[in-house]
Each structure stands twice: as structure tokens, then as C-alpha cells.
Amino acid sequence: MANLSLLLVAILALSLSSVIEATILKDFCVTDPNSLGCKDPKLVEANDFYFSGLHIAGNTTNPAGSKVTPVFATQLPGLNTLDISIARVDYAPWGINPPHTHPRATEVLTVLDGSLEVGFITSNPENRHFRKVLQKGDVFVFPIGLVHYQRNVGYGNAVAIAALSSQNPGVITIGNAVFGATPDISSDILAKAFQLDNTVISYLQSKF
Amino acid sequence: MANLSLLLVAILALSLSSVIEATILKDFCVTDPNSLGCKDPKLVEANDFYFSGLHIAGNTTNPAGSKVTPVFATQLPGLNTLDISIARVDYAPWGINPPHTHPRATEVLTVLDGSLEVGFITSNPENRHFRKVLQKGDVFVFPIGLVHYQRNVGYGNAVAIAALSSQNPGVITIGNAVFGATPDISSDILAKAFQLDNTVISYLQSKF
Amino acid sequence: MANLSLLLVAILALSLSSVIEATILKDFCVTDPNSLGCKDPKLVEANDFYFSGLHIAGNTTNPAGSKVTPVFATQLPGLNTLDISIARVDYAPWGINPPHTHPRATEVLTVLDGSLEVGFITSNPENRHFRKVLQKGDVFVFPIGLVHYQRNVGYGNAVAIAALSSQNPGVITIGNAVFGATPDISSDILAKAFQLDNTVISYLQSKF
Amino acid sequence: MANLSLLLVAILALSLSSVIEATILKDFCVTDPNSLGCKDPKLVEANDFYFSGLHIAGNTTNPAGSKVTPVFATQLPGLNTLDISIARVDYAPWGINPPHTHPRATEVLTVLDGSLEVGFITSNPENRHFRKVLQKGDVFVFPIGLVHYQRNVGYGNAVAIAALSSQNPGVITIGNAVFGATPDISSDILAKAFQLDNTVISYLQSKF
Amino acid sequence: MANLSLLLVAILALSLSSVIEATILKDFCVTDPNSLGCKDPKLVEANDFYFSGLHIAGNTTNPAGSKVTPVFATQLPGLNTLDISIARVDYAPWGINPPHTHPRATEVLTVLDGSLEVGFITSNPENRHFRKVLQKGDVFVFPIGLVHYQRNVGYGNAVAIAALSSQNPGVITIGNAVFGATPDISSDILAKAFQLDNTVISYLQSKF
Amino acid sequence: MANLSLLLVAILALSLSSVIEATILKDFCVTDPNSLGCKDPKLVEANDFYFSGLHIAGNTTNPAGSKVTPVFATQLPGLNTLDISIARVDYAPWGINPPHTHPRATEVLTVLDGSLEVGFITSNPENRHFRKVLQKGDVFVFPIGLVHYQRNVGYGNAVAIAALSSQNPGVITIGNAVFGATPDISSDILAKAFQLDNTVISYLQSKF
């Protein structure tokens, strides 16, 4: 029973440490898999602020032809409470990072290699589409919460680094959220929302 | 020229007053159409905190069969800097408030009349769909930034009041942002993102 | 002993989950009566975001002739960390919601039925009183921290919905805080503060 | 006309600079009486961060027998956007700082001289009264938004320094807000709220 | 084992309670050495908001000739989550509070006795030095994160009260951080950074 | 005069737009060199969210042997109000980015090329030094406000990308702030603070 209790404490701590807030009340608050809240500062070491391997290309052999390698607080516990994170994105030729939002972060994308078409769309009623083709060394901003995307428009692979203004920005891929929800959203709702007949909706739901 | 200058000041003030932040440094800061920042407190009156007409049903004669009547800071200038707003939503029978996000607010919906099916979908990778049928007097929470929707599943009209945690929550209707952007998102991107052929994408883009 | 430990964890968790902050680091963080911080997301269900019964009139048979039915994070655990809540307020004829403040929230009041006289007073040195009589469908804003009140000035019952910019706005009823504190504030202080003799102060303290 | 325009800009700037928010985006943002937003950094000088005279006793010859000397952003423009301010409080023998709230700040009070009875009252439903007699060198905390007071319980004058967690904390003296509002709150409302007859209410309203 | 579990909970709670955030969700959240998060409100007493002894001079018999007596959340548990703290600073004749930063707070300093030379330096590229000699009753602001210092320039002891905009502002004394780090920063780095030869760097590292 | 007024408005707007806060009240708020607050959304274009040239190596021919190329809101106006920015850092062999702090941001550094020794030092009283040698693809976190540095320890040039949690993080290079302030900090203060004689202090002040 005591072991159970310890286990319970540890499990609950895991979920707790990733929700506590970002106003800094200490120099840092490293997530600790075995404790509540911050890791004991005496046990914190340089490796808690360290992540390796971001030079390794992600595997883009998938329908979208792209791969995101996140370095969020889950991967880098020293980021906890510090309101920032990064990610590497790889794109096969013509690969896309499909339309998505980050509910908790603005994104700043820097192209390390290749050519990317990027864009975001503003909220109602304008739904303005801001679009740009980026080359190596170009930087673009996707404001918090807005739908945005990237596409490789060069001949080879493309690579970018994204900086995000949250330790856990969240990703809502529109296709997955709308057509791939578990359980499905009623097809009547989606048929009406997208002005498609139920057959196309069912097809879409089978794909996601 | 001086008049031009005054005009310029007034126009710029309009855009300024709606971006200044929400940490309250005064009792209130009413948006003033003719000034920079807050309306002169001496000229503020009770009507600046007042809006009327929320008992009037919105016109639901449109494809979605629903109508949102917002009471945001634009409609009610006394809300400026105060981090809250409300809206009335009317639904014709089988009307929907199609899948959308609020990039800057959580929503709490209260059903005043009728029956509503409501739901929201979590971010990747789970994309869990939380769904509930609500009756008169029922309340439901849609957390900030997540895709959500409502549908009238009763025999008559339905009415709800939404409370939102921002003076200007923003609305991103998925269909409009993805298929109705101005200018259009490249159909190649959408075809790949939704695994549909370009004909269906073009059809969708013609609808939004 | 192990059971005691589990119990301790559970009890402490209860107080903890209601103080952790509102910067969203996850899609949501439902208060869990049995755990530290957020309820395990796998166990979260639609009912955690749901509250029912707000169509039921509160019992106004009391000296003030009004009744507040709160839907705060305590009543609706899905509101935890989301910076918003609502309440229903019922008023008997001539019933009042007596002068009070919300130390942690702005309030937006919407009249569903009846006629209400409402007002708020600004801070020193002006102590300006903003006052308005509201009818069905009217909306009024009470800025955070300011003293405000409502009174039913119609012939029948009145009903309103309040939206508040905190999951736990707090209510400080002036009469209760000043004359009904436990233990009492020294009557000498109150006599001097309100320029009343000690007999009246003692009378007031006996009433609250 | 151009001069008018300049004047308008200057006047509006005054109200604007005191509402912009406190997230620091620059080293500092000194309020400038002649400009919009921050004073030109090139013109900022040490005196902008400086205030003198806090060793001078305030005049306590008034009914309450106390005097607050504020050092808020209005008095010390270098405090603008920095979320902190201070004040000196002087108390004649038996003088009180009557029950009041700060809608935008927690207060930390340090006694420099004399003996003070201090207290604060929590929100509904407990309305607990936390009370303490302080001597020279004692420190006490009044949490944000709660009703609190001080009284000189020594034989001579008392002096305290208050630190407040806002550049403009606001003061709502209960008596002034409830009985001294301009225009008056309806005496019927106050009679019902405080369970006093209208004669006593009118007497109170004449006093504030 | 159960006792161990209880102990673990208690120890972890200690570190947790000092990192949870400052958005007030309750009237207060007193740090509790024996629990997770806030002390049980029923057990909270006036002494939790109380600290004594700030009239006692600190011992300035040390190389700097100054002593800081902090009243942070560690010393005064009622400050937890309330974004403010204070400190007393004593200065022997010619004593200094050496150049340092507060990574989490702005400081407002009030001179209670004596004469102090004070200053702060802005960030790159200007590195402007704002400097002032203060007398009794003078107040000065040191904006968040900037390097600042004080020196006693009078004939006797000097005393000041500092108000800080965080419950745990942090102190980074430049000399200690740069030359007294544990383990040492490589002397090659410091030699290059300060354009000094390694002998002087080693001498400095031996002093801190 | 009218032109003067327009000019004044424009100049003041420049300083204003960089202090307004980061709580997003609109989809975005692009800094406009000719207006108050946000650029007119109708005139905003994709280029406002775009910066080019980050693939170009900075010139490291300087005593430190390093060069920072910032992409802050000043360089990329679309970052305004969005709480994030980036920078490229180039290092010649044995070049250093000398000890410095960012008063308004945490930094996440990613090595694109070469080998870097990096470290940060915690606040008093521990002054712990966390140190790590990084290779290509390695990531390291420097928590907000703490003193940190990098040094090229490879044989060739090194390049890194830094993500920062503010649109204008600020840089305080310790050497510049302490020994290069304008006007100088009194050498007596520095001599006492660093336990060096006045000759060495004067030498240092001549170098910065």
C-alpha cells in the first residue's frame, strides 16, 4: 500500500508539474519525473537543461511528407515554467506541414535549408491569407492561435527551426481535429459545416 | 493639415485602444472613438458600460441556420481592458454553429431554450472528442483555442448565452479559414492536407 | 498508515488544485477531488465540463430578497485554470443584491427577465456612482474590484446571468465584511470610520 | 489648430500612459506629461526615478486622525509599468485608517514608529477577521482586494511604510464608496442592505 | 514505508509551494511547511501574515559594510502568491551594497536614515548610468533586471527599506556570480571577457 | 505646425508601439513607424512578418570574437506583442559571447555548427555554475535573468540560433554595464565591490 501511495504521488506529480504556471518564482523549476513540482535544486544538473540530436533529419516518409521533432518541456525538462520551446521541421520535396494551429503559442520559423511556401489566415470575418515563399536564412512569424501551414517548394529536402512562445504550445491539425476526432463528429454536422454530402464526409473520416 | 492631423490621431487611436493590455491600472478604461487610449474619465457615463437588445433573436436564415450576436469591446466600449465578453447565439431547427476556435478565449455556454448537441476536440495526438447533449439550464465549457461546435437537436429554435474570457475573443471558423481564405490557399496544399482531389478542393473553395 | 498517506495526498490536492495558475499549459486541467493538480486526462469525460440546473430559480425568501447560484470552478471542475465563470441571480420584487465587490473579477450582467436598477462606485477620491435601470436583454459591466449592487425595480421577479472573469471571483458583501466579521472588528474603529455611535454599531454587528 | 492638435495629443497621452500594461518590453517607460507613452529615453534623467519628502509627517488633523502620503506612478513617473509603489501613513493617537480595499494591489505594512492594531476580513461566506497588534519593526500583509484597516493604539503618533503591488493600487474607502457616492446610492437600497432605517442612512449620507 | 511516503510528500510540498504562480485564485495561499500548496485556510492565523524585528539593525561587519534583512515569502509565508516583498538594508559608513540585479523584481528604495549614493545602468548598447545622492525621506526606483548599487556617503550608519515586486525577487551579486561561481567559470573566458590577464582573474576568483 | 504635429505623433508612436503589452487582443499588432500603436490591418502585408538574411555569418573580427544578429521586434515588426524573438550567433575560433543577462527573456540555444562551451550561474547564495560542452544539434536553456556565456571550443567557426521569450529581451553584458557605464560608476564603489585597487578599476574602465 505504501508503495502504491508513492507510485500515486509520482504519477500525479507528473501531470502536476506540467500545468504549474510560468511566472518565475525561482531561478528555474525543472520537471522531476519522481516528485511533485520542481526537481530538488540540489539534484539538478546541467543535463536537465540539455537536449541533443536536433541535427538529425526527421523521417518524412509519410503522407504529408514532413516530420516535426519537438523540443518541448516534455523532451527538455529544464524548459518547465519558462514559456518557450523549439522544434525542427523536415520536409521531403513537395512535403507539407498541413494547416494547423498552436492554441498556446506564436511561432517564429527560420529556414535552414531549401525553399518553403508558408502562410497564415486571420480570423473572421476577413480570413486574410498572408503568404510568402521563403529561402534559406528567411524568418517568418505565425501569430498565436491562427491557422498556418508550410510546403516545400524546392527540388530537395527542406529544414526549418521553429521557436514557440510556450513550453507546451499544443498542435491542432485541422484535418485530424475535424475529420479524425475520436469518436467522430457527427457526419451531419460536418456535411452542413463544409457543404459536402455525407459520402464525402465519411470518406474523409475514414482517411483521418 | 491640422484637421488631417486630428483625424489621423483619431483613426490611430481607434486601433490603439483595442490593443492595449488588460492589467487594470485604473478603475476602467473605456474605448473612446475620438481619442488615444481611454476616454476621459470625466466624460465617461453609465451608457459606456451598457448594451441593449440581447433579448432579440438573431436572424438564422442562412446556410448554417445560426446567428451569433456579439457583445465584445467593439459593441460595448466599457469592456475595454477587462478580459471578458458575452454573446447570444440563436439556432434554427437543425442549425449549427460550425466547427471553430477562439484563439484568445475560453467559452462557457448556457442554454436558455431548446436542445443543443455540443462538443470540442483536443489537440494532437489524441484529438479526443468530448460531446454532450444539453437542455435548457445546462452549461458547458469549451477550453481556449480548441475546435468546438454546437447543433440544435430539438424541434424548435434554440438560444444560448456564451461568456468568453477576452474582450475580443476572435472567431476562426474552420471552413472559412481553410477553404475561404483571401486569397485562396493553394489547392495543392489543401488536396494533400485533406487527401481529396483538386476538384473537390476547388468545389469547397467556391462555396466559402 | 498508507491509507492515511493517500488521504493526506487527496486532501492536500484539493486545496492545491484550486490555487494553481491560469496560464494554460495543457488543453485543460480539470480539478480532481482525488489527485494532485489535474485529473488524469484519460479519465476526463464530457461531464467534467458540464453543469445543469441553471434554469431553476433560486430561493429568494431571505432578507435581501435575492439569491445567487454560482457556477464557479467548485461547481464545474472543468473551469479550473480557465479564468472564467458564470452565475444566475434571482430577485424577488424589490429584492436587492447588496453592495459588494469581487476581488478577482469583472462582471458582465445580462437581464433575462424583469427590471433591475444597477450601479457601481469608483475608487477614491471621486467615488462616482454609475447607475442605470436595465430591462430584459440589457447588459451592464461592473469593473473588477469596484463596489456594485442590483435592485429589482419591476413588479415581478427578475432574473439575470452574470459572467465573471475568474474561475473563483470571490464575493465581499460590504455589510458582512464590515459588520459581520468573525470575530467582530472593534466597535471603536467602526464608530470612528462611519461616524456612528457605538450603540448603532453594536446593533449593526448583531444583524450581520 | 495645429496647436490644438498638439494639445489634444498631450492631454490624451496623459491618460494613455497610465493605462498601458506592466509587462516590461523596455528597461523602463517613464510617464511623460508631454507625450504619448514613454518619455523619450534620451531625455530621461535620474530625477525621473526619484521622489523626496517621505520623512515628513502627514497632517493627521482630520476626523479619521490619519494621513496617507502616496508615492504612486502619478507622483513618481519612473514607476510606470513596473507593478509596485509605496506610501507613508501617519496616525494621530487613536487615529484610524478606516476599512478600505485596494482593488489592484496587495499591501505589506511596516511599522516605523508606534503601535498599530491592524486587521483584514476574508470574502464570503467566512468573513474571517485576521487581527494583530503591531509594534515598531513589525510587518503585516493585507492580501489584494480584501477589506482592511489600521488603528493607532499607542500613546503617541504612529508611522508606517506600505509597499503595494501595483503602480496605481486604487483605494476604496468603504464609508465613502457606500455612503458618499456621487450621486448617492438610493437610500432604499442601503436601508435594506444594512438593515437600518432611512433616517440613519440619510444621516450617514450627509456625513460622507 | 508509509511514513517515508508522508515525508516525501512533505518535502516535495516544500519546493512546490514556492513555485506555484501568483494569479490569485483564493483570498490568500499561505505556504505550509507540512503540506502541498496552500496551508489549510481553517488553520491559517494572523501570525501567518506577520513578521517582526525589522527595526533591528543588521550586522554590517563584513567586507562590503552592508547587510540585507529580507522579508520574502520564505520569511513571511503569507506573502506566497502575492507578488510583493520587502527588505531592510543597513550600511556602515562607506559601506556598499555592491552591483547586483534582481532577476524577478523592480525595487523601490526609501532612505530611513543617512545619505546614500545610488545608481543603475541600462542594458546594451547605451549602458547609461542613472545616479543620485539620496537623503532621509528620499525614494528611488531600480527597474527590474538592471544592475544597480548603493553606497553610504554620509558620516554615520545608513538605513533603507526596499519594496520589491516579487515574493522571491532573487539577488545576483555580479562579483559572486562572475568570480565566485561554483565551480569556477573558466579563467580563459573571464580573461577574454574582462580583458584582464589570467593572474588577475585567478586573484579575483580566490577572493569570491 | 501641422506637419510638426504629425511628426510628433509619428515619433511618439515609435516609442509607444514598443512598450504596449503582449496580451493578444487582436490577431496581431504590427509596429508601424508612422502611426500610434498597431499598423492599420488593411495595410499589413506578408513582408511585415518576414525577415531575411539569417544564413549570413556575422562579422566576428572584434575582441570577443563573436557577433549576435538579432531578429527582435525592432528588426521584424510583426513580432510586436507576441512575446518571442530569435537571434543568430557567430563565433570565431575561441571567440566568446561574454557573461551577460537578458532581463526580460529565457534563451534556448541550438548549435548549428561547431562546438560550444556554455554555462549559466544561479542567484545568491549558491551561485552554482551549470556548464556543458555542446556539439552540432545540441540544445541548451539559459533561464530568464541569469548570468550566462558561450565559448567556441572547436577548431573552426561555430554558429548557433537562439530563441528568446520576449520581443525585446534586452542584453546586459556584465563588463559593459559594470566597467563601461556612461558616466562611470565611481571607482571607489567598484574597487570595494571587486576587491581590486583603484588602478586596476581605472584600467578596466578604460577598456570598456
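Every chain is named by a letter (A, B, C, D, E and F) in the order it is written, and numbering of its residues begins at 1.
Operating definition for what follows: contacts are C-beta pairs under 8 Å (C-beta built on N, C-alpha and C of every residue); 3 or more make two chains touch, one makes a residue touch a chain.
From a predicted model like this one, the values you see are computed outputs, not experimental measurements.
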Quiz prompt | Graph distance between chain A and chain E, where chains that touch are linked | solution = 1
Quiz item: CA centre of chain A versus CA centre of chain F: separation in Å?
Solution: 26
Quiz item: Per the centroid of Cα atoms for each chain, what is the distance between chain C and chain E, given in Å?
Solution: 37
Self-check item: Residues of chain B whose C-beta touches two or more other chains
Solution: 1-2, 5, 9, 13, 16, 20-24, 27, 36, 41, 103-104, 119, 123, 126, 131, 144-146, 170
Quiz item: Looking at the whole structure, which two-chain pairs count as touching?
Solution: A-B, A-C, A-E, A-F, B-C, B-D, B-F, C-D, C-E, D-E, D-F, E-F
Exercise. Please give the residue numbers of chain B that touch chain F in the complex, ascending.
Key: 1-2, 4-5, 8-9, 11-13, 15-16, 18-23, 36, 103-104, 166-168, 170
Quiz item: Which residues of chain D touch chain C in the complex?
Solution: 63-65, 94, 96, 98-99, 101, 103-104, 117, 119, 121, 123-124, 126-129, 131, 144-147, 149, 151, 170-186, 188-190, 192-196, 200, 204, 207
Quiz item: Quick one: in the complex, what on chain A touches chain E?
Solution: 1-3, 5-6, 9, 13, 16, 20-27, 29, 35-38, 40-41, 81
Quiz item: For chain B, which residues are in contact with chain C within the complex?
Solution: 24, 27-28, 41, 44-47, 49-56, 71, 76, 78-79, 82-86, 105-106, 108, 110, 112, 119-120, 122-123, 126, 130-132, 134-146, 161, 163-165
